[in-house]
Amino acid sequence: MTIRPNALPTQEMTINMGPQHPSTHGVLRVILTTDGEVVTRAVPDIGYLHRGLEKIGERVTYAQFMPFTDRLDYLASMNCNCAWAWAVEKLAKIEVPERAEFLRVIVCELNRISSHLIAFGSYTADMGAFTPFLYGIREREKINDLFEMLCGARLTYNYARVGGVSGDAPPGFLEKTVEFLDYFAPKIEEYNELISYNKIFVHRLANVATVTAAEAVAYGLTGPSLRGSGVPFDLRKDEPYSVYPKFDFKVCVGTGERGTLGDCFDRYMVRINEMRESIRIIRQAVARIPDGPVLAKVPRVFKPPVGEVYFRSECPRGETGIYLVSDGTTNPFRLKIRTGSFVTMNIFEKVTRGLMIADIVAVIGSFDIILPEIDR
Amino acid sequence: MESLAISLVKAVPVLGAAPLWAVTLLLMVASAVVILVFALTFEGVGSLVLRKVAGDIQARIGPNRVGPNGILQFLADGVKLVLKEDIIPANADRFLFKLAPYFVFVGSFAAFVVVPFGVGLTAADLNIGIYYVMAVTSLVVVGILLAGWASNNKWALLGGMRAAAQIVSYEVPVGMALIPAVLIAGSLSLQDIVRSQGGGLGIFGWNLFHNPFTFFSFFLYFTAAQAETNQTPFDLPEAESELVSGYNVEYSGIRFGLFFLAEFGDMFIVAALATACFLGGWQIPFFNAAALPPVWGNLLSLGVFLTKAFLMVLVMMWVRWTLPRLRVDQLMRMAWKYLVPLTFVNLLGVSLWLLVFKGKGIPGMIASLFG
Amino acid sequence: MEAQAIFDTLKGKFGDAVVELKGEGCTPAFVVVVPASVKEIAMFLRDDPAFSFDSLMCLSGVDYKEKFAVAYHLHSMKHRHAIGVKAFLPRETPSIPTVDDVWPAANFQEREAFDLFGIVFEGSKDLRRILLPPDWEGHPLRKDYKYPDFYHGIKV
Amino acid sequence: MGLKDYMNNIVEAVVTTAKGMRITARYGVDPKEEVTLQYPEERWEIPERYRGFLHNDIKKCTACTMCVKVCPVDCISLESVRGADKKMVLAFYDINIGRCMYCGLCVEACPVKSLKHTSGYEKASEVRGELILHFIEEDAAEIKARVARQVAEAAAKAAEAAKAAEAAKPAPLPSEAAKAAVVDPKPAKAEAAKGETKE
C-alpha cells in the first residue's frame, strides 16, 4: 500500500491503560502509544502498590516478617511463606522436621493449583469469556476451604514458620485433600474442552507476543513464562530444595502446538499442564508423609550468623528469590525480594511492540503478573 | 394502517363520525404505545433472564433478592438507572453527547414496527419490511459513533470506531443471508415471508428446512446478526476487558439506560427476524391459526411467535456466556473472508435451487413423492 | 564450576580488578570486584563458554552504612552453576557502569536500585525512578533515610 | 491459505464452539452445580483453627507483653502495674482490630494461652474508635490508683510487721514504695526481650 502524498496527516494517540482498568490485574499502568488499534509502544508504569516491604523487613525480626510475605503474592501466599522460611533456615542453618517439609510441599502445590486457576480464570475473562473464570474461582474456594481448615485463614495464610509449619495437619485434612484432587483432576479436561482449544481463544493467543528461548533467559523470565518458551528449567527439579527430589513429576514446557514456540498460548498451556503435575506431587506427598514433629525448636527471636544468602524457590509466577544479608542481629540487615512478575515486566515493552490493544491484555494475562509482587 | 382503520371504522360504527385520518392517527399512536410497552417489558424481562441464565451457566444463582426468586430485579435496576445522577463529562460535546442515546434507541425500536407478532399483529406490514429493518437498525451505528466521539474519551472513541467498522461490515452478510427467505416468499414483507412457510408440511414447511442452502443461511444470519448487534463473541465495541466499556463508558443514569435497552431491543429484533424468516414466524405446525376467529388466532400466533423468539434469545445468551471475544482484525477477517463469501455462495445456491426445482423445497418434493 | 575456580580464572584475567572471594557464610559465594570494571567482567562471565552465565537472577543494592554495594547473582542455564559478584561503591558518589546491555534483565532491577538507594548506573538506557513517584525525595532503603512527614501536603 | 484450510477453519470453529456450549449447557440445566452460599442466611462451617477476632481472657493474662512484642503491626497495646502480690495487674489491654492482620503470631506467643482467636468475623463500623477492642472496661487511671493504694497498704502493713519484728530498722516511706511499683512498660519490654534472646 502506498501512502498518498496529499493524505491527511495522522498522529499517534497516547492512551492511559490503568491503573484502574479491568484487565491489568491490579494497579498496573501501561502508557500506550497507538496508531489506531495498533500499539506502537507500551511502557509499563509500576509502583502504585509499593508498600516498602523490604524496608519493613529491616525493622521486624525474621519470624515477624512471615505475615508480610503473605502480602507479597496474595494468590500464592503459601509459596511465599515457604520461600521465606527456606531462605531464613538456610541462613540460620536450621534443620526442619521432615513432616513439616512434606506439609510445606503439599500446601505449596495446592497453592500453585489455586494460583494457576486464577491465572486461567482471569485470562479467559480478559479474553471475553466470563464463565470459565467463575469455574476457576469455584475450584479455588475448595482449596481455600482446605487451607482454612489447616491454618485458619482463606487468603493470608501465614502457615509456614521458621523451622517448620505452624500446625500439624488436622484430622481429615489429608483425606480431604485427596478427595479434592479426585474431584479436580477431571475438571482440567473440561476446561480444555470448554475454552483452551476453542477456536476463538486459540486465535487470540497463538503467535501473539512470541518470546524466544534466548530472549526469555536473557530477560530473566522465570517459571511458566520461561518454560512457555521451551526452556525446561524448573527450580524444583534443577536446583532442588526441600523434599522435592523425592517426587516424580514432569517439567512442563511450551511446545508451540497452536502457533510458534513461546507465544501466549504456550505460556497458558504450561500453566494448565502444571496443575496436573501438582496433582501428582500432592498425591505422592500425601501417600508418603512421615510422622513426627512439624516444628523444630527455634527461639522466637534468634540471631543468625553474619553472612548472606540468596535463596530462590519456584513460585507460581516464577522464581521468588530472597537475598538476605545478616549482620548477626535479630533483624535482617538487608532484605531483597526478587519476584518473578517484577523481572517479567522488563520484557513487556519489547514484546508488545506492534501488537493490537486487545493483545496487550492477552500479554498481561499470559505473563500472569500480580501487582503486589511487582511493587512490593 | 389505513386499511386497518377502515375495517375498524366498519366494525365500530361510533368511530364513523370521526374523519378517517384521525382514526388512523389514533391507531398509530396506540400501536406505538403498545410496541413501546412490549419492548420495555421485554427488555426488563430479558435483562433478568440474561442474568439468570448467566447465573445458571456459571454455577451460581443469579439475582434472587428483589421479589420472589429475584423476579423484580429488573424493576430495581430500572429505578436505579432512572434515579442515578446523569453525568456529562466537562469536556464532552454536550449536544452530541445527549443526542447519541436517542439515535441508538430509535434505531433499535423503529424496527419493532414491522415485526410480525401474529396473524394480523403487525404495526405496519410494509412491503419493504426487511429493507426497512436493515435501514433503521443502521441508525444505531450513527448513535454509537456519536457517543464514542462526543464523550471525549479515548476508550469511548476506540469503541465507537470499532462499532462503526463492525456494524457496517456485518450489514453485508446479514442482508445476504436474509435474501434466500425473500426469494422463496417472493416478497420483502415479513408477513408474506411468514405466510409462505405455512401449509401442511408442519415444521418442514419452514424455510430452515427448505433446502440445504437455507439451512446454512440461517446459521450464517444468526452469526452475522450477533456481530451486527454487538453480542459476544463480537462485543468489541464494548469489550469490558479491553476498552473498559467502550462507547458508553462515560454515560450514566438514564442515558446509559437507553443504550442498555437498545442492546436488548437489538437482541429481540435479531431473534424475531430469524424466527420470521427461517423458523416459520407465528406459524403453528399442522395448524392454521389464520383460520381461527381473529382474537384467538392472533393470541395463539402471538404466543407461538414469542416462544420461538425467546428461545432464540436464550440461544444468544447461551452463546454469549460461552465464547471468548475476537480481536478486531480477526473480526474483520471473519466478515470479509468467511461470512461474505459464504453468504454469496449460499445465495447463489438458493437461487439455482429455486430455478432448477421450480421453487420447491426438499420437504415439499418428498411430500409430493408420497402423494 | 566451583566458586574458587571461577575466582581464580577471573583473577588471572582481570588482575587487580578482582579483589577477593568471600565464601564463608555466604551462599552462593561471591567475588568482590572494583566497580569500574564490572561491565567487562560481566561480559566475560556471560560470553566465556566455560562460565556462560546467561541469566542474571538478581541485582540488589545494599547499604553497608559506610559504603554501598551492588550485588549480582548470576546463574548459568547451561552449566547450572551460580556465583555472586559484588562491587562496593563509595557512599558519596555511588556510581557503577550499567550491565543492562549484558543482561537485559538488569534494567528494571537497576532502576529499582537507583530508586531506593540512589545508585547511579552509568550508561543505562532508561534510568528513572520505578517504584516511587518521580518527584519523591530521598532514597528510602538507605540506612540514614528520614521518613518525610508530608508528600505534596498530604500527611504520610 | 488453501481451500482445505479454509474449510477446516470453519469446521473447527463450529466444533469447538459446540463443545464449549455443551459444557455450559450442562451447567446451565443442572441445579446441583449451583455453589453459591446465601451468606447472611447460610453460613459455612467455621473450622476449629479459624483466625477471627482476637480475644484475651483477662483473668488468665499475666501481662507478660509477649504479644505486644511479637506483633508485627503493633496492634496490641497494654499497660500494667505491679500489684501488691508482686503479680502484674493490667491497667488496660486494647487490640486495634482495624490494624490487626490476623496473622496469629501473638496467639502462638502467649505463654498462658489467654489470648485466642475467636470465630468472629463480622464487625463493621463507621467510627474507627469502635474497632479498638477494650478488654478491661474499668478506667485505666482508676485501676492504677487502686493498685497503688493496695500496694501502699500492703507496704504499710509490711512496714508495720517489719517494725514490730525489728523495731530498730526504719521502714521505707509507703508513697515511695508505691511509686516504685508502677512499672513503666518500656523497661519491662527490654527485660523480657533479653529473656527471650537467651532462650
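To keep things simple, chains are lettered A, B, C and D as they appear, and every chain counts its residues starting from 1.
Simple rule for what comes next: a residue touches a chain if its C-beta (ideal position, glycine included) is under 8 Å from a C-beta of that chain, and two chains touch if they have at least 3 such contacts.
The model shown is predicted, which means the values in this text are computed figures rather than measured ones.
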Chain separated most widely from chain C, comparing mean CA positions: B
Inter-centroid spacing, chain D versus chain A (mean Cα positions, whole Å): 31
CA centroid of chain A to CA centroid of chain B, Å: 45
Whole-Å gap between the CA centroids of chain A and chain C: 25
CA centroid of chain B to CA centroid of chain D, Å: 60
Per-residue multi-chain contacts in chain A, two or more chains: 131, 138, 194-195, 198, 200
Residues of chain D engaged with two or more neighbouring chains: 9, 17, 20, 23-24, 27, 35
Chains touching one another, given as label pairs in label order: A-B, A-C, A-D, B-D
Complex interface listing, chain B residues touching chain D: 53, 55-61, 64, 318-319, 321-323, 338
Chain B partner contacts - residues on chain D that touch it in the complex: 9-10, 17, 20-21, 23-25, 27-29, 33-36, 38
Of chain A, residues touching chain B in the complex: 13, 15, 21-23, 36-37, 124-131, 134-135, 138, 194-195, 198, 200-201, 203-204, 356-359, 361
List of chain A residues in touch with chain C within their complex: 46-47, 50, 52, 54-55, 90, 217-220, 231, 233, 238-239, 305-312, 319, 321, 323, 325, 334, 336, 338, 342-343, 345-347, 350, 375-376
List of chain D residues in touch with chain A within their complex: 9, 12-13, 16-17, 19-20, 23-24, 27, 35, 44, 47-51, 70, 72, 101-105, 108-109, 117, 193, 196-197, 199
